[in-house]
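Should a chain be cited, it is by its letter among A, B, C and D, assigned in written order, with residues numbered from 1 in that chain.
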Amino acid sequence: MPRTLTINGQEISARSDQTILEAAREANIHIPTLCHLDGLTDVGACRMCLVEVSGSSKLLPACTTRVQEGMEVRTETERLRAYRRQIIELLFAERNHVCAVCVANGNCELQDAAIAVGMDHVRYDYLFPKLGLDLSHERFGMDHNRCILCTRCVRACDQLEGAHTIDVMGRGARSLIIHDMNVPWGEATTCTSCGKCVMACPTGALFKQGSTVAEMVRDADKLAFLRAARDRKVWNV
Amino acid sequence: MTNPLPPLGRAAGNGAATAKPDDRLVSDKRYKIIEATMRRYGYQGHGLIEALHSAQEAFGYLDDFTLMHIARTLHLPPSKVFGVATFYNLFTLKPQGAHTCVVCLGTACYIKGAREVLAAIEAEYDVKAGGTTRDNQLSLLTARCFGSCALAPVLTFDGETIGKVTPEAAAQQIAQRMMAIRQAA
Amino acid sequence: MNLEELNATATSERLARAKKRHHIHVCVGTACQALNSEQIAKALQAELKQRGQSHDAEVKCVGCPGLCSLGPLVEVESRVNGQATTDAPEEDRRKSVLYQFVKPEDAAEIIAHLDGEPVKRLETPLDQPFFTRQTKIVLENCGKIDPERIEDYIAAGGYQALMKALTEMTPQQVVDEITRSGLRGRGGAGFPTGLKWGTVAKADPNAYPTNVPEGIQSRKFVICNGDEGDPGAFMDRSLMEGDPHRILEGMAIAAYAVGANHGFIYVRAEYPLAVKRLRTAIRQAQRAGLLGNGIGGTAFSFNVDIRLGAGAFVCGEETALMASIEGGRGVPRPRPPFPAECGLWGCPTLINNVETLANVPPIIMKGADWFASIGTEKSKGTKVFALTGQVVNTGLIEVPMGITLREIVFDIGGGIPGGRQFKGVQTGGPSGGCIPAQFLDMPVDYESLAKVGSIMGSGGMIVMDDTTDMVEVARFFMEFCMDESCGKCIPCRAGTVQMHRILTKIQEGKATQRDIQILEELCDMVKHTSLCGLGQSAPNPVISTLRYFRDEYEKKINGHHKSKPNGLSD
Amino acid sequence: MSKLRFASVWLGGCSGCHMSFLDLDEWLFDLAEAVDVVYSPVADVKTFPENVDVTLVEGAVANQDHLELIHTIRKNSRLVVSFGDCAVTGNVTAMRNPLGGADVVLDRAYKDAQLLRPQVPHDDGIVPPLIDHVVPVHAVIPVDLYIPGCPPPAKRIRAVLQAVIEGKSPEMIGREMLKYG
């Protein structure tokens, strides 16, 4: 059943099983995201895609909210812009994001988001936590300083590779991405070294060993392709 | 059914080097208790937290070997088991001291001076909250509320509730109890 | 047990009870137990035995009668005139004496005075406002019955409501009755209970993909939320400890109404006594055929499991709680879909708070109209509060909705000790706010509390006197939320850390006006963008203290960090 | 139109931002028409003058001298501009923060690698004492404008200065103006 709704005043139609985010993208309306990645289930964690919906007192995440008939969605209000900038600032203050020395410089969703929200500086105190760098894997590396805990790697490892090598330990600000039972990545016996987590990472937290500043190449599209190929069973073997 | 998880040993640090893992499962009867809990939930994943409770109760803490054993038995990824074990405050991955003192930092205790009580104990035993004294005699922990607010400020010593404590008397009350236990032994 | 057997049990139990002239109730709630009340019970029993009075008097370990600050409490209920009868309400001819601060050594004296004048040095009046100003519905059995004996509960009229629902009412009628009663969720948000029940009752179990574990035969679930996490709140603990069967009965009625055959009680592991008593109660109810298959001889089946929390405040949030029951990290997920449609293992799930469910049996027995006659227009019935902090009488109270804060703090609570001034009362725990003295005459109901920037919450009520530093209170709650944030969504995970940092700076005298502005902006953002209730309400203590006690913040501000005009045009 | 009194300072940074500034090439002549350089690492002026219109601050606040100077700068400048990532975020200069206080870094630099008489220079006036925690400029004083970048590209610097000379707020929007790193 098609649904008609408006986003920022523009009338669009969508399928009833589509989310606001999907409907918006089909209509070429950009809604910012960080924890969303095509091909993975959505968790509504980063709150960047929050939108205003008429009749709802609460802001709703576009990635997990289904479209409804007659919905009036606004994605670019002053308030939403202010909130998004605050969220990005919080991320920059939370860990040690140093673009200048990052493999993902110039190819980073967090950096792009900072530009998009107009972050000319961060109002909050930088926390400078002491965090580790795991280079024990023969092909990949993990730098917790650059991790934003979006859990895209966790979901890619679980939902696409099926290994569930990666999960989150601890909670709150002390949360940390781990491999197996918090062992060095190179010792994680369940890891298949498939690299899907690296593809999924929006920042420079997961990277290929040997890449240096600004050398990271993004291939997250491959994950959406894999998921689509699998779901639609396009390979007839 | 083949077990999807790798053999114990490589990833599991504690104990694996000294004894063959399976030996420990057989020789240490406490694993029977954990086994019974897991059986009660049909060895299904939803029994994880109950299994962790029972392991924590049996051993006082959760070591890598036990966590891996639970992961294997419940057919859960090790990272998930570790993630759950570290999410909840009551689970601890480190061995605790011979005695445990928990100071309540709930609101009622807080406004009646629990912070000062905690500081006094920390100073007396040279241990920070969350830690264990160097002689492994006392673990000092904090809690969010025992629901014994009428007795605020409250602490527990080895499960015994001591109410209306003062910063001056708290350390002494703990010392007396530790002394009494030592003398009894 | 069918209805006849239930009635027979009740009658014989009452008869046995009537044979004893004296009923000695010893509180064994957590607070009194911590003060050795079990030893007191033993001493009293030994004394009775020694004096050969065991046939005439009995000692009962009971749940919390409420006045914890005077504990350990012992209540002696004696028949005034001689004869034992069962035909008239025996309470009419009984009188009670309440003893405070009892020690095991006092046992002999108490027993010796059973037939004479009460022991004056231990007595505390039962006609003090603390008792007379309360209205007990939910707590009616707490302090009266032995929570470890199902017979006690049955004798007090227990499980009658369940039998009535099962045999005289359709599930829809039960839902309608709850709806008409106006009962609202007692866990904090005050959502209309009947509406929730109706949604689950109507929900299609096949609407979402499900993965119910093997061995659990149900496509809908009822969950009792006993993860009472607010520091300074112990209403649910006392209920679970003092009257566990009432909760089971409430759950069974709810399950019948919504069509569930399996339920879970999620209890904090910090409440070992509550867990023990609930386990005992479940076992007894199963043995009595009041839980399990074919309850009370009907076709209805309902099983209950207990699940322990493990120290995570966020698990009080319903989606996090379900994640925890499923064996995972207690991490919330966005709603919709709501648990009523897609809950535990993808099945429609009813989640109610302990106190909410405890209200159900009396509503079914006495009717929606009776319940709706108590309280205010929009907030019906009573509310249990844990009254703590700088107040004379600390303990557990149950009052009709609409009572004023002044009555609670000064009449029931006995005012502020040490001749100090009342400054404010904190309700709703880390999610609530501080209410200043100017609102003392405000009625306590969901809407009024919300209007002044607090919430009903689960029922913690912490009284503060003029020595309390309100910035410190705000900082305390922020630290709590920061530590308890699950870390999933950024506003809560990182926002609470920054808010806590600013509050700490203020306390250290290192903050500027600019910091207060940043703090207020953060409060607004975290409140409106966080994923779950923990984050959404985490700023409340700051917002409310800034609203009513802003001068305390201003006093600690060090200088102005303001830009001067720089002469640039936009 | 009278010339703007222009200053640039170099705190805890690598001077890369100043290098990028010099990359303005021939536009520097235009700039010279509009401003008087009253203080700069490339000019021999010992004390920070008064009544400065605009000051570009390169680098983070990392030692006692920076801390003192930055307050003088604020007091004496109408417009303080955080110039480059170190000034705006702390950047590489602040990467020592997670390691702990100043001593850790000093020991590493002066002791750990030295075989002969390892010691941290400590006599007064030899080296300014490091502060334990490196902070961006706006953590110490109010800042009017921010030019991110490591270093900020010359085009970006020019766009900001052009606007300032014209008495306007520069439009800090988009990749050209805001990309860090």
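Simple rule for what comes next: a contact is a pair of C-beta atoms (placed from the backbone, for glycine too) under 8 Å apart; a residue touches a chain by one contact, two chains touch by 3 or more.
In this text the structure is predicted, and so the values were computed from the model without any measurement.
Under the touch definition stated at the top, subunit A and subunit D share these contacting partners: C.
When the interfaces B-C and A-B are ranked by C-beta pairs in contact, the top one is B-C.
Separation between the centroids of subunit B and subunit D, computed from CA atoms only, is 50 Å. One finds 27 Å separating the Cα centroids of subunit B and subunit C. Inter-chain spacing, taken between the CA centroids of subunit A and subunit B, is 35 Å. Averaging Cα coordinates per chain places subunit A and subunit C 39 Å apart. For subunit C, residues touching at least two other chains, in rising order: 312, 329, 484, 486. Shown for subunit B are the residues in touch with two or more other chains, namely 80, 83, 87. Annotation for subunit D: no residues touch two or more other chains. Chain contact topology: the protein chains form a pattern that is neither a line, a ring, a star nor a complete graph.
Working note: touching chain pairs come out as A-B, A-C, A-D, B-C, C-D. Only residues 78-79, 142, 144, 163-164, 167-169 of subunit D touch subunit C when the two sit together in their complex. Residues 41-42, 44-50, 52-53, 80, 83-84, 87-91, 105-112, 143-152, 154, 160-163 of subunit B are the ones touching subunit C in the complex. In the complex of the two chains, the subunit C residues touching subunit B come out as 30-31, 33-35, 68-69, 71, 213-215, 228-234, 237-238, 269-271, 307-313, 324-331, 386, 388-390, 394-395, 426, 429, 460, 462, 464, 468, 473, 476-477, 480, 484, 486. Residues 92, 96, 98-102, 105-106, 111, 114-115, 118-122, 125-126, 128-131, 145, 214 of subunit A are the ones that touch subunit D when the two sit in their complex. Contacts from subunit B toward subunit A in the complex involve residues 5-6, 10-13, 64, 67-68, 71, 77-83, 86-87.
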